[in-house]
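Following this message is one structure expressed as C-alpha cells.
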C-alpha cells in the first residue's frame, strides 16, 4: 500500500479505463478523485456504479463533462443529463437490477464465475442470457464483473489501508474494493495503524493498493 | 383525504409489529406516516439501512445517513447499516416481509410494470426487480388511473418488472387482490361504487358478493 | 424477536431437524444450545457447519452422543469420532470445500439459486454436478443450501436481536443467520437497544427470531 | 538444520513486503518463524483474520482469537477480522498472493494431492481446494519422500486437490518448479546432489545446466 496525492492517484488512471465507483446518489463517493479526473481531462471512461448521481454531483460531474463513454448502473432516473446522452447516443448505458449488479461485482471480486438469480426472469433483463432450472425454479446466470480500478471512499482509513465506512455511505464501496485490479481509496479520516478495531475493519488493508492523503 | 393519503393510510393497516418493510419512492414513502399506534416495524432503505427514521430536523442530519433517494433521514435506536450486497440479500433472500412500490401498470394476473416507458422514460430498474421478485409480499400503491386512463389492464403494455405477480394493489378507489391468479375486487373506497371501479379498470375484475368498504 | 430460555430454544427444534451451526473448531459455537440439545435427547439431526470440532467440544458433543445422522462440513480431520461413525456407516458425511460451503449457504440466505466456482473442477468434487464455461474457464454450479434452524453465537446482542461478533468467532455465524427458516442466537452479552452502533451491527435484528437469555 | 527447518527457511525467502499470505498447518506454519528482516507480510488465517501474530504468552490470549486449527493466536496492529465468506473471497478472488501448503503427492505437471487417502484418511478438504485453485502462487512444503517412497510422482495416485498446478515444491532435498508445465529441478539443498534428488523422485525431472544450491 502506498499513500499518494489525489493528483498522483488520478494520473494513474488512463483514458478509456473501466472504473468501479462507490456511492449511492453521491453518498459515499470519492468526490476528490472524481473532481481530479475531471480536472485532468480524463475521457472515454467506463463507469460501473449504482447510479450516476445527479448533474453537478459525484459521477454526475464526469457525465456533465462528457467523459463517460459507457456506464453500467441500476438507476439513472435522477440524472437527466445521462438520459440525454444515452438517447443522443453519446453514452452507452447498461441498466442492471441493483441486486444483480452488486452480486455480479461481488462475484468478480470473490473469484466466482457468476451467480444464479431469479431477478429478471420473464423480463427484458433475461435477453441473451443463459437460464438454468434448479429444483423447478428458473434462474438467470449472471456473470462476474470486474474493473481496472475501484475508487472507494471510507470514513476511517489507517496507513496500511484498512478501511471502515460510515452509515449509508458504505453501500457499494466494500464490494467494489474486492473487484478491481487496482484499488484507490480516499477517506474522511486517516488514523495511525492499530486504531481501527479488527472487528470494525470492513475492507482489509491487504487489498487496498493506494490511499489518497488528506491535505 | 386526498388520493395519496387514502392509499397510504389503507396500506399502513397491513403492517404488523416485527415486519421488515421496504417502501419505494413516492406514495409508498407516505405509508410510514400512518403506522398504526403500537405497531413497530423495521423500515429498510435499500442503500443500506434498517431502522430508517423520520426526516431530521434542520441541522440535525448527517451527509452519510440518507434514504434510497439520497435525502437525509434519521435512524431509530437499534438501527443497523450494511453494504449493498447484504441489503439485496435481505430483499432477495425472503427476509423482507413487505415491499410497497409505485406502479405504472398492473395486469389481470398481477404482473407489474413500473420501471420504464420505452422511448420516453428509462430511469433504470434500480432495486424494483429484486424487490418484486424477492419480497414475501408486494403491495402496489398507485392512483387508479393516469390522465383518466386505466392503469389496471388486461395485459401490461410496458416492460414487466418481474414474472412474479404482486399480492395487492391499493388505489384511491379500491383494493384489488389476485386470489387464484385472477384480479379480484376486495374493497372499495368510501363513497366509491363497485361500478365506478369497474368503469375505471380495463382488466376484468372478479367481483365477489362481499366487496367491503376500505377501512381507513 | 422473542427472548426465551435455552430450554425453550432447544425444545423448538424437533428430532430430524436440519441445523446450521456457527463456529470454527468450536470457536463461535453456541455451546449452551448444543449442550441443551444433548441434554434433551434430540436425535437424527442434520448438522451443517464448517467442522465437527473435536470430541467433547461443541458439535463434537452431539457427535459423541450419536445424535447426528448427517453432517455437511468442510473438515472433520480433528474429530476421530466423526470419522469412526462415518466409516461404520452410523453417520453420513458430505465433505464440501470450505469456500464452496460458505458460498452455498450464503446463496441460500441471499436468494440465489447457487454460484459458479472454479473450486473442485477436475477433482472428485465435480462428480454429479453441472459444469459451465464462461469466457473459456470452467466452473461448477454449486447450489444453494438452507436449513430449518440457524444456531448462532454472538459477542453482543441487543434486545431487538441485533448481533455483533468477536474476532475469529464470527466465521460462519452471520452467513448462516441469513440461511435458515428460524434463527436462534446466543450471545456473551445482551445490551439495551441502541448500544450497538449501527455500523457495528453485523446481523440485523430483523432476521433473528429468538434470542436466548443469559442467566 | 532438520528437514522441516530447511523447507520453512527456504520458503520464507519467497515472501515480499505487502504480500497477503496463507500458511497451512504443519511445516507451512513454520515459515512465519523465518520471515526475513524488514519484510512485512499480511498473514491470513482462513477462519477470518488478517494480521495473525505469534502464539500468545501464557494468560495473554482470548478464546475468540484463534488460528484455523482452533489454537490461540495474537493479532498484529492493523489486523482485521471477517466472516468465512469474505475470507474465502480473499482466497478465491485473486487477492491472496501466496499460499504454502503441505502435500501428500505432487505429479510431473504440478498437480497436488493433499486432502485424502481413500479408505484410510478422510479429513475433508477444508480450505485446501479453494486455496490451491484461487491463490496467485501456490508453494508446497513437504518432505521429499514418505517412509523412503517418493512423493513427487509421474502421476498422482491420490485424489487431486485442484486441476490447477502448483507453482513450486520445496522439500529438504530440492526446489522444484513447473516451467512450461514440466517438473524441473531448480535447486538442490546443501550437500545434496542432483543424482540423489533424481533417485528420490519418481516423476521425470528436467535438470537444467544451472541447478543451483538452495539459498538458506
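To keep things simple, chains are lettered A, B, C and D as they appear, and every chain counts its residues starting from 1.
Heads up, the rule we're going with is that a contact is a pair of C-beta atoms (placed from the backbone, for glycine too) under 8 Å apart; a residue touches a chain by one contact, two chains touch by 3 or more.
What you see is a predicted model; the values in this text were computed from it and never measured.
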| item | value |
| --- | --- |
| Chain of greatest Cα-centre distance to chain D | B |
| Chain pair with more C-beta contacts, B-C versus A-B | A-B |
| Euclidean distance of C-alpha centroids - chain A vs chain C, Å | 32 |
| Gap in Å, rounded to a whole number, between the CA centres of chain D and chain C | 29 |
| Averaged-CA centre spacing for the pair chain C and chain B, given as whole angstrom | 35 |
| Residues of chain B engaged with two or more neighbouring chains | 49, 75, 81-82, 85, 88, 91-92, 134 |
| Per-residue overlap in chain A, given as positions that touch at least 2 other chains | 103, 106, 110-112, 117-118, 165-167, 170, 198-199 |
| Which pairs of chains touch, using the document's own definition | A-B, A-C, A-D, B-C, C-D |
| Residues of chain A touching chain D in the complex | 1, 106, 108-112, 158, 160, 162, 178-179, 193-194, 198-199, 201, 204-207 |
| Chain B residues within the chain A interface of the complex | 45-49, 62-66, 68-70, 75, 81-85, 88, 91-92, 121-130, 133-134, 159-164 |
| For the chain A and chain B complex, residues of the former touching the latter | 24-28, 50-51, 53, 73-78, 83, 86, 93, 95, 97-100, 102-103, 106, 117-125, 155, 165-175, 202 |
| Parts of chain C lying in touch with chain A, wherever the complex brings them together | 103, 107, 110-118, 130, 132, 134-135, 137, 139, 141, 143-144, 164-167, 170, 198-200 |
| Chain B - residues contacting chain C, complex | 18, 20, 42, 44, 49-51, 75, 77-82, 85, 88-95, 134 |
